[in-house]
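Input: a single structure, listed below in structure tokens.
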């Protein structure tokens, strides 16, 4: 066990840093920038049952310390992901976390059943929180009973541990977390984006063709930290934290709040080397705040 | 291969209405493969997204590349204030440009509109070097917006149109095209979406290449922010502007 | 009717710009900087039934493009506000909107009954959304039935129109808005702050003594714009918009999204002259986007 | 009256470990009423909050004021990079300082800790001018952190203590105080909360003035971010550090 290691259900992470779903594709593009074996894990883009072409463009817009996106779960479907995208990632010594989405419980179950059989897929991340699709996605993430139901059914078919990705667009994040924990979730992933909008003042219309988009980036970090802090006190499963991580100080803040590992999303767009750089700089940050292992830091603000 | 580097601003000047020319020095130029590729610039470290700007020229001897940009919003306004000597965080070169290596035609037509003109300049230079004849049609909104006319003229014939007729002929680039019938075998175009559509319709007898713009996220092909639909029957069904493009063969994508 | 004027229930605004509650005290401090008669209106700090001393300090922390606050409704109580604070504001030719808070429906009713009798108080802003107090405040703002109940009862005693200030910390903002509209709200005020947290990495504890605080500033603007855009389509009462307004472009964006006027909160801390400057610069912004009156701009993104 | 102005940085230098001295030019100096008042600085326009820094000296002839600050977090780190000639957005002067006009004592003791030392300098100068005898006790963490010892020495006796004994006497300022018994009639203190508490307890036979720090919001008295409780029985029950303070008479607030 090295200082940087973290053990989570299904995942032996060599460090707690991984790219977040949807911000790293299926890894190929970033493998031009650095060796993906450096990463703690890789969370791949959402897979659905069939090919989805997503929303019309524009799909992104910049906001103060953040960005909006409404990609709309564009992906080639689980079968082609398994055939065309996943083999490439087997070359690296890094566990893959497959982000699973759907419009119906049946679709979640189908995708989870298929993708969890791939040997280097070590965990699923159940995306019940995508705010950018008309059906499916977010309503599972805002109703504790629906969330529990999809978790329960996916758990029955999944060959690997299931992390449920929570939506922050809810009144009571703790009850969402408890509902999915009770339904068998092995871990939580928090947070997905907050639903937002920006208007184009010249056209007098929303910039994003889908009208609303998901807000990510440093702007949402205080909300993520608050939710993780609250949920950590009430559940026993580990949390993968995310939302606006750009520096090792941010990583430390997430760990102290209660995350066991940290995913980096939009920051990959600003700096494609961000994950590698944070991994390299993390030991110095641990030192700065008087820690010798990652495990020590997890939930440190609750002691 | 794309790299990320802090490039030094060697020169920076206003060349037309709200339009600036900047030369940047670093290793990037040696990585540029094709005209039509772009650089993805983090203008301020507090920005959330980089800004894509086409490479307008490359000078391998001096290790510089030239970009031209128009001040539109927050990012470009801030870029306009960067002094010579400062460094910019540049990722690039991105995307697929104009595949000059494939061009077998002997006479090329270049059609540029507004801030779509810059990438055509490096293209024109490359075509000329290959011995291909270049005719350029440039469209601008008004006289104050015109730039690079002389630069193109050194490489071949140039016709300028302005929307309001304040310079060159009055009207759109597409008004000029019929008069050039028989003077080219292929064409290359870059400009606003409406112009590209009009150009490709006017020139639908020809194969050509179009450079397309869309709001980018990652700029490296990972986020699917920049997709454009491919015609019915295409295996993938879409193209990414930042990786498969920004330059596409006519018919490869739906405008 | 001048180009800048806006008519709202109880409020004839000479322009659509006003300071937001809690960020402008009772006006006195800012009257050193400029003539308060310039303002469209003034929303004063929350009044409760009795004196409240608020939360322990630290009460504020900076975040990316935003700030957290947990003042905890410190105020001298409605009687002393009426005696000691409100007379000063009667000197200015500007309507006062009194922000009303409480721990119980009874307290809201008591405060509303008293303060709505003061002649220059032209409207109430019912603060059912303060996330920084242990009891009262936010639970009224997250449950449509409680929100409707407090609105209904306050409406019965209030001598002036009642604007209900909505909390963004909810799953479904539209149902909150509809509930209070149905209960008789004359207008809405949106949004209050989002609950957030920041940790002090050296002390390994939340910076804010209250642990959580309300997130305000440009970071939350996309969320506010989205909520106002959605609510505008579903209700008939006017909306006072707020959240991260710093520029006239922000004002235009709020109006286009559906706000009839705009309140400025945290930006007063960065620049105490902000309200005055925005009022002066607004005509140029209207011009820039091709408008000749404020009324034309309201809801412009929905046409 | 408080004003807001862009003040020019006239000088800027490192004077001790992470501690910088900066002089700023503008109209602000003519508005300063008392030592102990502060300026509220917007270091970068993208910051959400200003940073309060005490006024360490005022020179009405040159229209400058001096501040000293220690790099602690994001804002002060960014301030340290501002070059001479640049302008800073300054709001001030804020708060109530040391009411020297009220002081009837003839011998004053000044007790400063760390980055609490600066406001005592302008106070010492003013006291001296009034003919009051000044003795200063300064506490720092270690030798590298010591600053302004010589400046204070020109105004009276100075005793320095460092926590680790690397300079002056080893220990806290409160270890020095007993030895000064009978050498002063009143005292003025500024420094970290723990130090102020210890000083006021050690000197509880004396009336004095304490300058208190807290995270500020508005800095002008409007937001209630900075309240400190007043003793039982006080009519208001609290004081605002930014408006009623930062300087309070001993006993006026609960430390």
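Each chain carries a letter (A, B, C and D) given by its place in the written order, and its residues are counted from 1.
The definition used in the following text is that a contact is a pair of C-beta atoms (placed from the backbone, for glycine too) under 8 Å apart; a residue touches a chain by one contact, two chains touch by 3 or more.
Chain identities (UniProt): A, C = Dihydroorotate dehydrogenase; B, D = Dihydroorotate dehydrogenase B (NAD(+)), electron transfer subunit.
Note that the coordinates shown come from a computational prediction; the quantities given were computed from them, not determined experimentally.
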item	value
Partner chains shared by subunit B and subunit D (touch criterion as defined above)	none
Centre distance in Å when subunit C (Dihydroorotate dehydrogenase) and subunit D are each reduced to the mean of their C-alpha atoms	36
Interchain centroid distance [CA atoms averaged], subunit B/subunit C (Dihydroorotate dehydrogenase), Å	47
Gap in Å, rounded to a whole number, between the CA centres of subunit C (Dihydroorotate dehydrogenase) and subunit A (Dihydroorotate dehydrogenase)	34
Touching two or more other chains - residues of subunit B	46
Touching two or more other chains - residues of subunit C (Dihydroorotate dehydrogenase)	63, 65-66, 217
Pairwise touch network: line, ring, star, complete, or other	line
All touching chain pairs, where touch follows the definition stated at the start	A-B, A-C, C-D
Contacting residues of subunit C (Dihydroorotate dehydrogenase) [partner subunit D, same complex]	22-25, 28-30, 32-33, 45, 51, 53-54, 57-63, 65-67, 69, 71, 74, 76, 207, 217, 266, 268-273
Subunit D residues touching subunit C (Dihydroorotate dehydrogenase) - in the complex, by the definition given at the top	1-2, 4, 42, 46-50, 74-75, 91, 214-229, 236-238, 243
Residue ranges of subunit C (Dihydroorotate dehydrogenase) touching subunit A (Dihydroorotate dehydrogenase) (in the complex, touch as defined)	63-66, 68, 142, 169-172, 194-199, 201-202, 204-206, 211-212, 215, 217-223, 225-226, 229, 244, 249, 252-253, 256-257, 289, 300-301, 303
